[in-house]
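What follows is a pair of complexes built around subunit A, which joins subunit B in one and subunit C in the other.
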Partner chain A sequence: MRSKRKLKNVLVIILLTILCIIFLIPLFLMILTSLKSMPEIMASKFVLFPEKALFSNYIEAMQRGNWLGYFGNSFFVTALTVLISLILNSMAGYGFARIPFRGRNTLFFFALTGMMVPTQVTMIPVFINLKSFPLVGGNDLFGNGGTGMINTYAGLILPYIAGAFGVFLCRQFYMNFPASLDDAAKIDGCSRLTAYFRIYLPLSKPILATLAVLKASQTWNDYMWPLIMINNDEKMTIQVAVISKFVTEVNTQWNLLMAATAMIILPLLILFLFTQKYFVEGIVTTGMKG
Partner chain B sequence: MTAIRKKKHSKIGNEPIGYFFIAPFYLFFFFMVLIPIFTGIMQSFTNYDLYQTNDFVGLANYKQLLKDPVFLQAIGNTLFYSLLYIVPTMAIGLLLALLMSKESGGYKIFRTGFYLPYIISMVCASTIWLWIFDPTAGVLNQMLRAVGLPTSDWLKDPNLAMGCVVFVSIWKNLGYCMLIYLSGIKGIPNYLYEAAQIDGASKVKQFWYITVPMLQPTTFFLFITSCISSFNVFEQVNVLTNGGPLNTTTTIVHQIYLRGFTQFKMGYASAMSVVLLIMVCIITLINFKFGNQGTDTDIG
Partner chain C sequence: MKHLKVTALLAAALMAVGSMTACGGVNSPDSGSTADKGNSSGDVTLSFLRAGTSEDAQIAYQAIIDEYTKANPNVKIEYQQIGFGTELDTKLNTLYASGAAPDLVRGPISTIAQRASMGQYAALDDYIAEWDEKDNVIQTAYDVANYKGKQYGIAINIEASMLFYRKDYFEEAGLDPNKPPQTWEELLDYAEKLTVREGDDVVRAGFAFPISSNHQTLIQFARQNGATLVDEEKDEATFNDEKTIEALEYFTQYADKNLIIPFVNQKDQNPFELGNAAMQYLTLNTYVTIKASGVDWADQMMFSPGPGREKISTFGGCQIMFMSEQSKNKDAAWDFMKHLFTDDVVWKLVEETGATAVKTGLEDKFNEAYPDIGPAYLETLQYTEGMPKVEWASLFETAMKTAFEEAMYGKKDAKTALDDAYNQLNSERGI
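Take a look at the complex of A and B:
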């Protein structure tokens, strides 16, 4: 009985290994192709490994346009989005979870409803709002005349930090604290502000780490919003750049495209491998809402 | 009555400092999420073009929508995509999760492996598959040629293009589905299976009478979120096929993007957004109506 079970386990592991390898073939092929020469890729007969690994493809790809700038833009936008989101969301989450005030449930209900509405639905009005933002980018007081926040970092970041799911995540986390904690703080003469900064915030590391990795991957990976908001080379982010610099060419240089793709994936892959616990936790907790 | 209410209030308390905590977030949320939902609906009754005209045109945009063959096709394509995507993703995700839940030791590495495509961006996933599907340089046709099978122009063939788009989406999102199912399976108490074993229930019976009903809330949740994300499919379409060939892969959001941001017909694109909003609302209502049923399942 026992050996039969063991055999079954081994079979499952073998099956999973095979499935997993098949599943990840596209990623292996991406790396291999990024190291090949174009004649090798176009050859009628498929060769798995490049005759000589051309690491120079990576350098060549990064010279197609200002990739240092694109990476810089993506890093900057991602970092700022994460930072601001952490502050706004943990504060709001704490407020909704621990402090009684009039209209709290109604306000939270609106936040929850807003979370259900996908950004794709509101992308046109949000774009128009940002374009006609008063007194920005050559606009007058009524938002006419200029380009507003088009082609600005603010135009990219504002919609990112307005998402409500971080508030939901933090609220769930703060709700789990015992009520006696608040009572004890009150007896000790601790105001809500002090309680938040001295008691709750120091205990929030796991939830803030979860929120940070989720927000970072979301922002780093976003394509639609920068596509709409940015139309100059200077403020372009990587996801848009990889398409506009390589894919829309007449003859796509597949080796360079794969090299650029690998470079874009790499920072997130590193983040993921080091913070996998938080990634998984975040997915599962936000997944298990309702 | 008033006395009671007063007492109740003072008991629950009202601390205005609460507004201070939620205000910074709510300010952004109000202007970037809540208000746009309503302004979007208002704009759908105008002919706003981002520069000059901005007149009220009544239902003209909606009347035009009903006669727009490409948009009607886009709705059909979006629903077709949803159907092709949701069922296989959830079925395979559940199967993988079941395989992994049995294995105790080193399953984490498989979890990471299957989850890997989910963390990369849809753009990167699409560029990789763009190469794989390429008729001359792509590995798929090269393999088919090597074994003497007929090749295809995958993304340019009206019969195949949507299938390819769906395939890429499944590949990328399977790990998410698996992860959610995995945590659902972990939440099923072990004594249910032990009791079933004592009663002599077979493995198949245990699956159908314990695992499936206990996973009902998970399945429902995945169904709802998959529906909403399928209705919003855009990035893979824009990168892989750009809506072609013959509009067989264009979707609602892709149409909104084309009309709004390449032709600047903001009023018309807003009307499309309202259609999308209604579709999402229907799914959300289903969620509110049936969403909590599974959690009441009596496991005692």
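Take a look at the complex of A and C:
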């Protein structure tokens, strides 16, 4: 029996190792390409390792454009999006899970339908809404006359701060708590809001960490929305910058592109490393696995 | 205490949102595009969107804009650039749908039919009629931007492809470099003589052309053979005819005879630039790149408009200056457009970005500056044809690429490949 279990464990480990290698191959190729020269990359015969590792590609890549600014823009947009979305999503999730009110399930169902509509479908309507946002960017009360939130940080952040998925994730998490917890809070004189802030929020670390990682990677990696929303270099985010600086109509500088890409995945990697314990816990407790 | 902290956090977040929206306020120096222009002091803000992300072009256009705004202090021009294809389409679709279209667009010819028919590009006939310089622009620059009898733009760059060939390789193969191939048969014969193999591997192609992601080669050879490919009047595809099939069959011979180096159609992957091809259709831009790279064989390059059959035809990717119908400052936009077509600006773009000298008065200067490629290039411009001007140009492009690739890889014969591509295109068009 024990040897059977051992064999099963070994097989699982082998399978996981193979999967791990498969997932890491693109990452390794990215790093290796970032250290190659262009003739090496374009050579007719593929060479895995560079003859001489050109770490100078990283310096050269970062010298193309204002990367401090692009990183700053992406950090600012991502940080605010994550912060606000954590507050909004967890409060909405708490409401749907713990506060009984008429039409709760219907409302939740409508919220969920948002997950079924592709971004491409909502892109233009959202853009029009933000362009016609009242009293912003030269607009009057009726949203006319100006440019609204086009080319602003707010235009990058607002569409992402709420989202059906985050609400769903938080609701599932808060559903796991026993009803007696609410009763105890009520007996102790807690209002709903106090119960949320004093009882539920401190217990929400796993789900907030999960949501933070998901939201951060979604916002950090977003390309299409900043592409259409931002008009100049000053507010450009890193994903748009990496394409616009190294992919031109004449050529693609793969080595510099890969060097820049290696740099821009670092913050997400660090975030995940710091939150992976909570991330896994959050996925498990919300029943999102498999 | 914790409650207080969370409340403070919330307040901070709200304040941050407030400050973010304030960034986009009316007084923001970089706010908006078309809408915040024109005020009591007569100031005008124009937005200019250029398709393409080349850094050289960005620097050149920025300098042109700086010079123009210095001379016209009441005009501010917001320049932005974006990649071709999906990126450009998505951005333009969004901006036009929301009423925030750029005043000026430098876009490819493939956009003209769709955007002109949707009323997004403005017809420039009236402006051009009163323009002093109208007769000094080459006719091709007008032709490619004319749609259903109206002039929707003027080409500022025509990437005419011409046959580049290597003098040293010709001599090595016993061919006369002063007699480039004039017919299809000669082209094939020369290619066979010029191909160098190691075992079965072609290490130097006699005549190189991309076999993946390539629509230009089949289009230009089919046209050389007398095919029309698309009936623009009837708005229908015609590329499954005998003429096009014959052109595609001609190319499959190169695969059958093992004469090709397979490569994807990317400008940084062409064998000629890497020294691995004796002949290839390329553009002026590649010439500039090769010259700038300092390779020791740069002086061995020679040029010709290429062979013909019923006629000579070369494919040209065209970059056209358009004005948006939504623009609230058309006069100012036209004034800047005129500036882009002054001799000085056109020449700056030629020198710094490898663009075409689209002014007739610059032909001599062009020949003097580029004595080796100049005359052949100007001759080639006469034979240059762009993409068909139909709303489904992108579907047509895909059909050409697919048919060419399938035939070249031997997956289908030429007729089947073209028939299938034709049926697929019609099915996607819903006809």
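The working rule: the second predicted complex is superposed on the first by the 233 of 290 C-alpha atoms of A that agree within 3 Å, B and C clash if a C-alpha of one lies under 4 Å from a C-alpha of the other, contacts with A are read in each partner's own complex, and residues count from 1 in each chain.
We adopt the following convention: a contact is a pair of C-beta atoms (placed from the backbone, for glycine too) under 8 Å apart; a residue touches a chain by one contact, two chains touch by 3 or more.
Just so you know, these numbers come straight off a predicted model, no measurement behind them.
A.B. asks: Report for A:169: first if it touches subunit B alone, second if subunit C alone, otherwise both or neither.
C.D. replies: Touch partners of A:169: none, neither subunit B nor subunit C.
A.B. asks: Which of the two partners, first being subunit B and second being subunit C, lies in contact with A:35: first, second, both, or neither?
C.D. replies: After superposition on chain A, A:35 lies in contact with neither partner.
A.B. asks: Between subunit B and subunit C, whom does A:153 touch in the aligned arrangement: first, second, both, or neither?
C.D. replies: A:153: touches subunit C, not subunit B.
A.B. asks: For A:269, is the partner it touches subunit B (first), subunit C (second), both, or none of the two (neither)?
C.D. replies: First partner only, subunit B.
A.B. asks: Go through the superposed model and pick first if A:83 touches only subunit B, second if only subunit C, both, or neither.
C.D. replies: Second partner only, subunit C.
A.B. asks: Is A:118 contacted by the first partner subunit B, the second partner subunit C, both or neither?
C.D. replies: The first partner, subunit B, only.
A.B. asks: Is it subunit B or subunit C that touches the larger share of residues in subunit A?
C.D. replies: Touching more residues of subunit A than the other partner does is B.
A.B. asks: Touching A:96 in the superposition: subunit B (first), subunit C (second), both, neither?
C.D. replies: First partner only.
A.B. asks: Applying the touch criterion given at the start, work out whether A:259 contacts subunit B, subunit C, both or neither, answering first, second, both or neither.
C.D. replies: Touch partners of A:259: none, neither subunit B nor subunit C.
A.B. asks: Which holds for A:27: it touches subunit B only (first), subunit C only (second), both, or neither?
C.D. replies: In the superposition, A:27 contacts subunit B only.
A.B. asks: Could you give the residue numbers on subunit A that contact subunit B in one complex and subunit C in the other?
C.D. replies: The answer is residues 42, 44, 87, 123-124, 127-128, 131, 224, 227-228, 243, 247, 252 of subunit A.
A.B. asks: Can you list the subunit B residues touching subunit A in their complex?
C.D. replies: 12-22, 24-26, 28-29, 31-37, 39-40, 43, 48, 50, 96, 99-100, 102-103, 106-107, 110-117, 119-124, 127-132, 134, 136-137, 139, 142-143, 145-146, 171, 174, 176, 179-180, 183, 221, 225, 228-229, 231-232, 234-235, 238-239, 253, 256-257, 260-261, 266, 269-270, 273, 276-277, 280, 284, 287, 291-292
A.B. asks: List the residues on subunit A that touch subunit C in their complex, please.
C.D. replies: By the definition above, subunit A touches subunit C via 38, 42, 44, 64, 80, 83-84, 87, 123-124, 127-128, 131-133, 136-138, 145-155, 157, 194, 197-198, 201-202, 224, 227-228, 231-232, 234-235, 243-245, 247-252.
A.B. asks: Which of the residues in subunit C end up touching subunit A in this complex?
C.D. replies: 2-3, 6, 9-10, 13, 16-17, 20-21, 23-26, 28, 30-33, 35-36, 47, 52-55, 78, 80-84, 87, 90-91, 93-95, 97-100, 261, 266-269, 274, 276, 285, 289
A.B. asks: Could you please specify the touching residues of subunit A with respect to subunit B in the complex?
C.D. replies: Checking each residue of subunit A against subunit B gives 9, 12-13, 15-17, 19-20, 23-24, 26-27, 29-30, 33, 41-42, 44-46, 87-89, 91-92, 94-96, 99-102, 104, 107, 110-111, 114, 116-118, 120-129, 131, 158-159, 161-164, 167, 191-193, 196, 217, 220-224, 227-228, 239, 242-243, 246-247, 252, 254, 257-258, 261, 264-265, 268-269, 272-273, 276, 279-280, 283-284, 287-290.
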